[in-house]
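Note that the chains are named A, B, C and D in the order they appear, and that numbering of residues resets to 1 at the start of each chain.
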Amino acid sequence: MIDKTVVTLTEAVAHIKDGDTVFIAGFGDAGNPTELVHALIDQGAKDLTLVNNNSGNGFVGLAALLNTGRVRKMICSYPRSSHSVVFEELYHAGKIELETIPQGTLAERIRAAGAGIAGFYTPTSAGTPLAEGKEIRHFDGRDHVLERPLAADVALIKAETADRWGNLTYRLAARNFGPIMCMAAKCTIVQTRKLVPLGDIPPEQVVTPSIFVDRVVEVPHPMSERNAILNGEHYP
Amino acid sequence: MIDKTVVTLTEAVAHIKDGDTVFIAGFGDAGNPTELVHALIDQGAKDLTLVNNNSGNGFVGLAALLNTGRVRKMICSYPRSSHSVVFEELYHAGKIELETIPQGTLAERIRAAGAGIAGFYTPTSAGTPLAEGKEIRHFDGRDHVLERPLAADVALIKAETADRWGNLTYRLAARNFGPIMCMAAKCTIVQTRKLVPLGDIPPEQVVTPSIFVDRVVEVPHPMSERNAILNGEHYP
Amino acid sequence: MTDGLTREQVAWRIAQDMVDGSFVNLGIGQPELVANFLPEDREIIFHSENGILGMGPEPAPGEEDEELINAGKKPITLLPGGAIFHHADSFAMIRGGHIDACVLGAFQVAENGDLANWSTGGSGMVPAVGGAMDLAVGAKRVLVMTDHCTKTGEPKLVEKCSYPLTGTGVVNTVYTDLAVIDVTREGFLVRERVDSLSFEELQNRTGARLTLANDWRPLTAF
Amino acid sequence: MTDGLTREQVAWRIAQDMVDGSFVNLGIGQPELVANFLPEDREIIFHSENGILGMGPEPAPGEEDEELINAGKKPITLLPGGAIFHHADSFAMIRGGHIDACVLGAFQVAENGDLANWSTGGSGMVPAVGGAMDLAVGAKRVLVMTDHCTKTGEPKLVEKCSYPLTGTGVVNTVYTDLAVIDVTREGFLVRERVDSLSFEELQNRTGARLTLANDWRPLTAF
């Protein structure tokens, strides 16, 4: 029988290794797998490369993981916000590498990794500093940049509902990078608000099909990163 | 006010021009926009290039359009089936061009056109006759083929529900090529079983968002191509 | 700027050019103001990079939902007809040429349409680009909303951008507090300008040659 | 073939090698038989190219739904947990290496793993490939189900394919009516063979050199 559910967050992240590349889904306050990230902090893996659209806020979730000093490199499109103090300090102190990628290229590189595409040509960033060192090629009257897939060892994902096969739905804008990150990680770990019986998600409403998911843990009442940041909370 | 609905099939296909490339969604008996194809036959545009996974069955729908002699070229992955008599006759008589594309490459080329990707490298078909004349490049230890986007002037699509903005859902396996063809055509024309009020499709259940759709016509009781073929029906 | 329009007035002016039924992406910050000034007879579908079509107005206080936010990470609402999709699909819409117009801010716009709006290139800055480069190359019309000059009086419309580029040859029209200016093959073409300045005074505040359109009109707002 | 297994027996043999919990694509035609012989203790999720995961058995007569069909265009059912997606996502699963195993038919398999199964190259044939090339390069394990020889007695396991290729170096294991043969760096390795033939007789019916595995076993079926 297929049962991808695990009972504890600890178990869910147990196998993450030093040196792994980790996708962390979420955009703004929507779709952050905060409990999984905190479990990863407790687990202790180091020398990590993280991929997220941003670079964390306050001192919880992704920012708290950065704050442990166990992240070697951050890959994102926008590593700056009103609350991204941890990243900015590490960056200015030269303690973390940064790869800035246009948001659409970031998304497409992740999808390419999941879809078995070894490279693609995009007009985005042609003629800008972010295309430096990349192959440029002219198609259809304009310059395009060759971009390579971006895969990860692990994806940490927040879903709304999940079943034991690993089918997922997401709530509203919490979808964001979730579906494509699930596609492109060797091991996709999901925290879900609701674990539902197989068949409860209508087949036409499945957003991430089971094939892209490896582990599911139920977290019925995930924390609000926004409230935690407003309250000045630190993890751990 | 945005209202993409049109009342008649005639109106829906009125602007299709001689020489157009036309996507026709559908796979097997699922998702064929048969009524739109028949309206296109009545409309009379010629010198068409058609894109579908197959090449039509019996003497209705796509096969009936081929049978008018107005199709210059067929692009598909599998132009052969137990009922594809019209295409086979035209092909053997040298009256139609054929481009055979692996099914996944066909789907990805269509998506690329919709997504603004000017080219992509796929391992599919490397080392086979279908890669002849194409650029081959080595990535990650294996050969890849450079494939270019495949766009169309018009897409003919069958949906289950649609609203006046053009949001769509599809029923079961009738989804197949629909969502990606909607993305990659200059004008996407949809026949839908049900036209529903704006807001009736929950935002998380929209499969094709409104931005990819241009015209919607309600066809509450679409014909069964399977029954028509079994009954030996011809259109017109 | 006593010489020109307020930001709200510039937003109003841009809103008047939004075509009924079009799909529009408003950049984070000032461009978001445009949504407040849409003529009532126009139905515009707003796109947000984080996977949303059909954004509605800000929610009433207390009605915010942390999982319904826009690209600027602010709470929003969804109109009937709204749709949710993932990031790759969202940028397929942008890069694939499906967005009719976007409104972006700018550090500089060059007379050939080059846009610089993501970095001043300072060595101390963290390089952060977000979705700006995708919007710049992908939207059918790229509209720029900006002050005509920087706070220190430097022109933002220039012959050649000195800041790192966001995109090359991408800008269609610039809306400033002083003028509405199309980017044409012959460079900056002034379509509208405020009455309070002469054309020469406008030219003096601009870092590239301006041409006044034959059918130019006074730039006015609500 | 009185010397070997029936098609149903070969399908049964392949079914025994399906790993519990794996995602499997069965090619159109003979490979579809494999689904009928799965051991009851294994939960396998079947994928169909036309956007389906979780295919169940054939519907009862009268229960068919024209909009619920498989890649072979035959009516199917969906199991609880099944999912529907579009063609690009479906082939992302295939090409992206997410399918644990596929079972394909073959005209020829070469000792280096080359597969020819889509065209005999005849000038009168309409070239039709479907999803075979994607499955050949994308599935983690490519299993071939085939008669050991053609109806006219020609070997289908060969040194080099003479028919147009489907993929190069892609086949992992070949299941025939006479043997189960792995494709290794050293060529064809016989893991199992029917008792009714000697190894020499098997070699005589094969167009490339066979090696008998040290731990080879008799090929038997239900």
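Keep in mind that, in the parts below, a residue touches a chain if its C-beta (ideal position, glycine included) is under 8 Å from a C-beta of that chain, and two chains touch if they have at least 3 such contacts.
Note that the structure is predicted; figures quoted are calculated from it, not measured.
Chains touching both chain A and chain D: B. A comparison of the B-D and B-C interfaces places the larger number of contacting C-beta pairs at B-D.
Between the CA-based centres of chain B and chain C the separation comes to 36 Å, rounded to the whole angstrom. If you average the Cα atoms of chain B and of chain D, the two centres end up 29 Å apart.
Distance between chain C and chain D, defined via averaged C-alpha coordinates, is recorded as 56 Å.
Multi-chain contact residues, meaning those touching two or more other chains, occur in chain C at positions 78, 84-85, 88, 91, 94-95, 137-138.
Annotation for chain B: residues 108, 111, 115-117, 122-123, 170-172, 175, 203-204, 207 touch two or more other chains. Applying the touch definition to all chain combinations yields A-B, A-C, A-D, B-C, B-D.
Across the complex, chain A is touched by residues 48-52, 65-69, 73, 78, 84-88, 90-91, 94-95, 114, 119, 124, 126-134, 137-138, 164-168 of chain C. The residues of chain A lying in touch with chain D in their complex are 1-2, 111, 113-117, 163-165, 167, 183-184, 197-199, 201, 203-204, 206, 209-212. Those residues of chain B that touch chain D in the shared complex are 27-31, 53, 77-81, 87-88, 91-92, 98, 100-105, 107-108, 110-111, 122-130, 143, 170-180, 207, 224, 226. On chain B, the positions that touch chain A within their shared complex are 108, 112, 115-123, 137, 139-140, 144, 148, 169-172, 175, 203-205, 207.
Contacts from chain D toward chain A in the complex involve residues 20-21, 23, 43, 45, 47, 53-54, 78-85, 88-89, 91-99, 137-138.
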